[in-house]
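Chain IDs A, B, C and D follow the sequence of writing; residue 1 opens each chain.
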Amino acid sequence: MNLYEFCYGIIHWLVDLINHLWYWLGNVFPWWFGDFFNAVGDLAASHGNIVVFTILLEVLVILIIAVVNVLNFIWIDRKFMGRMFDFYGPYYVGFRIGGWLQNIADGIKLFVKEIITPAKADKIGFYLGPVIFVSSSFLALSTIPLGRNFGIATNPSGLGVPASALIAFAFFAIAPFAILISGWSSNNKYTLIGGMRSAAQMMSYEIPMLLTVASVFLLAGSFDFMDIVSAQHDIWFAIPLALGFVIFLVCLVAEVEIQPFDLPEAEAELVEGWTTEYSGMRFGFFMMTSYLRGYIGGALTTALFLGGWHGPALIPEPIWFLIKAYIVFVVIEWMRWSTPRVRVDQLLNIGWNRLMPLAMLNLLIAASMKTMGWF
Amino acid sequence: MGERGTRFLREGMERPASRIDDVPEEKVIRSLIDSFPSTVTDFKKLGKGVVRARIARRDLYRCCKFLKDQLGFEHLSMISAVEYDKRFEIVYHISCYGSCLLLELITSTPKDDPSVDSVTSIWGGANWQERESYDLMGIKFNNHPKLERILLPKDTLYHPLRKDFKGGG
Amino acid sequence: MDLKSRPNNPSLGNVITFRSKDFVKWADGVLEGVLRRSPVGSGVDYLTKDFFNWATRNSIYPLHFGIMCCALEMAVASAPRFDAQRFGVIYRSTPRQCDVLLVNGPVSKKLKPALRRLYDQMPGPKWVIAMGECAISGGPFYNSYSVVPGVDQFIPVDIYIPGCPARPEALIDGFIKLQKMIKESKKGLLTGK
Amino acid sequence: MWINMGPQHPMTHGLWNLRIKVDGETIVDAEPEVGYLHRGIEKLCENRTYTQIIPIADRLCYGSSLTWSHLYCMTIEDLMGLEVPPRAEYIRVVSIEMQRIASHLMWLAAYAVDLGAMIGFIYTMRDREVFIDLLQALTGSRLTYNFPRIGGVAHDIPPNFERDSLRACDYMEKKLKEYEDLFDGSKVFMMRNQGVGVLRKEDAMNLGVTGPPLRASGVKYDLRKDMPYSVYPEMDFEPATHPDCDCYARYRVRMDEMYESCKIIRQAVQKMPKGKWRTVAPRNAPAGTGLGRVEDPRGEGMMYVVGDGTDRPYRLKIRSPIFVTVSAAKKMLVGYKVADVVAIMGGLDMCIGEADR
């Protein structure tokens, strides 16, 4: 399935429809009125316009897929947790389709709730925090293709963004600043500590993570998701770079702040961490975005290590990709619900003293494999 | 009483005379009498391993120090204050990890000056218990590091466990 | 025209002298008036009322706040045997993200201001459940010098769950009663009707 | 920077306030504050008859209410000079030990949540229900039992109770092994616990800390063994101790105590004699004093009653183990990180009901 062509087709059909209207108007009205309408029709039908609208439509499609996936993820999270914990999870809501509607109910309820801004909060930071957090995460999502032809692209055969993997990681790394901003501006001690912890944690795990990603870049010889995935046609990078895969997973868990490393929102000591003062839909956005980051994490792992959309041709490519992302997410959830939380100094210790040297070693392995000419 | 083990027997039930010397409570009583001949009085054995004694208010601190340092009473279990018509009695239950003894040390203080020496510097565990006695009964403990209300709000005016307080209960 | 004596909600007459904040306030007021009083508001409400009500009653977040015995039953209610999560009941630790204040024990005079503050910190719409005798009337401590006899003396209570302590089934029943109550008091978001 | 943790805070498990002063993430000063659940029980007791106090004594500690009503009855029996029938003593011991297991499981659940392992909460709460069910069969209630009476217990044991409790012990021992796999086998759990919240032996003894925290500091002091009450002298068990003085030692002591409790329940159920389970207690107690001491799941519980010859106690003083233990918080907290607060204070098994009274 080619997303670009699909969207292009739809947009082209729509533009044609509108153009016919303009040309009909041009025929109906006499003299320079008619010329004007004809000119407008020509302008609207230009290739550039259609491409722009196509990209917008692609963005919309990817956004919808992402949101639906996030709803699924929350549902899977709850149900999987329920299965691990000997209970059902959400069940009685709505039409009783396994409690899937619970997320929608939660979201709508948060939408209806009052939004409180604490009197002593720093208003600008308090408003800006969620905006940066949500938008940067969605931006990171925009660069990840779900299939060979299923991403946000400017032409039928590939991605619109060169070096898309780099850009994805760049956007992915903006979130700690948003957390820091919102934690500081909430004017609450718990949020402040949560924000500081988040900054320290993300800084120290970003580096080993990017080092492992660098080893993938080295093997694939490209910064582009398309090339990286197509380089894994014969063998997934998770096999030669098994060490890197593990490091990447650990760092990922730290980056998306879930259980063993969820210090910024450590429920036991910091109430709700840096989201303590947020209420209503702002909190809803935070909650959704944390799962969205889980989805992005799964997608990144899939694209970098698990062969992306490669799989038997019976199932379409995007579905393969999503299946793998879901599996990664479930593994992360498994860790989440069964391990205690580490302490902040231990976390930094793991990051700097264990993961850094291992990531270096991994890079060395990748480099030597490249020089041996195996890839 | 040995088999069913026990609860603290009533006074009057006596143990075989031949074993009295072996029982550590006798040693405790003896050394207390030797060291504080005039102030520690009124010994009574309440049961197996439980001894009651009364002590004059002025010698309380010295006696407690002696108990801790010389006799090995390392654990202050409980400080209770009881109000009577003319006096407050402050009851210290002090026990010893080694010989499993419990000493019930009673000191009394007149109603118009309810104050005794604090034993916080001897047993750290006495800190909050003394604060509690101050809070609920209004006993002042001299030399206490931080004698403030602990259970009730800071601005409370009454001491609820006193008999003249009729509000509730 | 005296600039200093600008009214808070100026009419269109002195629109020239608006500051930006005033303008925002004015626009807000006008929009709100349009939404609240015109058929637009009631139409939107008519369409969304049921949906919002369904969402609100199916996603109840109580505050994770244990006072006494009933707190243990509250914990048990979210454990496997009773599993309150089936009904969308999830405990949140901060009052900012909660709908229900679950008072599950006697409120002492020292706690009273703190509890009132917690209630005030919660965003509306919010409800209060008094769980157990102590929260309803003071229970066995009704005549104590230190216990407020009943939490409804200073917080409006919606659901009373009797029992000393109330059993987890009773708590779940209380949540279902609350759902019914929310369903009956259906209100539009904009017009409040 | 001073941080207030409480009264509403997920760490507190109850209603108290811990003020900590932090430098970065390191704690430099700590100051617990209790009293938010003060109900004036000691005053209430002065205006209730002796029988009416049993339910109130139940509500002293919601985690292990049976221990407290048992302690109260023991104290009044001491004041009145009553003899309790042996069968009643055995029933009491069985129920107290069940309560101890339930209480420790509740602690483990709360502790696991504190450390972030939700799974521990779920599993322990699930298995706690087994003992809650047994106690419910015995007493008719889930949490506050109102079961011991002055001079015995309220009922005889229900049919099949012996069989069920033996089965429950087998089940529990199996599950305890599972918890050990879950917690001791977890590297992260060990990292969070070992070497955290060290309370040295001298400090523990000086500050009056009792119960599992004291035994975890290497002091072998268990009232069930050292000043045995009820029928504990006939039971064969060993008080659990651990020399490490840290949070892990406290965890270990409680786990071992659960094994010991299973052992005691087995012996008590098998040795239980036939006969009466209750004697009639007089309405009025003589003038005099009575004293009761038990080993509560949280430490040394103690009651001191002064009777004046009427049907109401003149004064009833309650010694709460947690009230004294929590005053040692500063000693344990200073020098550790903010995240260790939950491990250290959680490891004490706070039960504010008895601390505030």
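Here, a contact is a pair of C-beta atoms (placed from the backbone, for glycine too) under 8 Å apart; a residue touches a chain by one contact, two chains touch by 3 or more.
All values reported here derive from a predicted model rather than from experimental measurement.
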item	value
Mutual neighbours - chains that touch subunit B and subunit C alike	D
Smallest count of steps, each to a touching chain, taking subunit C to subunit D	1
Chain whose Cα centroid lies at the greatest distance from that of subunit C	B
Pair of chains whose C-beta contact count is the highest in the structure	B-D
Whole-Å gap between the CA centroids of subunit A and subunit B	67
Inter-chain centre distance, subunit A versus subunit D - centres from mean C-alpha coordinates, in Å	48
Chain centre separation in whole Å, for subunit C relative to subunit A (CA means)	34
Rounded Å distance, subunit B centre to subunit D centre (Cα mean)	24
Shared interface positions of subunit B, touching two or more other chains	152-153, 160, 165, 168-169
Subunit C: positions in contact with at least two other chains	80, 93, 110, 143-146
Shared-contact residues (touching 2 or more other chains) in subunit D	9-10, 35, 38, 40, 43-44, 122, 126, 356
Chains grouped in pairs wherever the two touch, ordered by label	A-C, A-D, B-C, B-D, C-D
Complex contacts: residues of subunit A adjacent to subunit D	81, 84-87, 189-190, 193, 197, 259-260, 262-263, 266-271, 337-346
Contacting residues of subunit D [partner subunit A, same complex]	1, 3, 5, 9-11, 25, 112-119, 122-123, 126, 186, 188-189, 191-192, 337-342, 346
Touch list for subunit B against partner subunit C, complex	152-153, 160, 165, 167-169
Subunit C-touching residues of subunit D, taken from the complex the two chains share	7-10, 13-15, 35-41, 43-44, 55-56, 59, 62-63, 65, 106, 109-110, 121-122, 125-126, 128-129, 142-144, 353, 356
Subunit D residues within the subunit B interface of the complex	33-35, 38, 40, 42-44, 46-47, 74, 77-78, 81, 86, 89, 203, 205-210, 219, 221, 226-234, 291-293, 300, 302, 304, 306, 314-315, 317, 319, 323-324, 326-328, 356-357
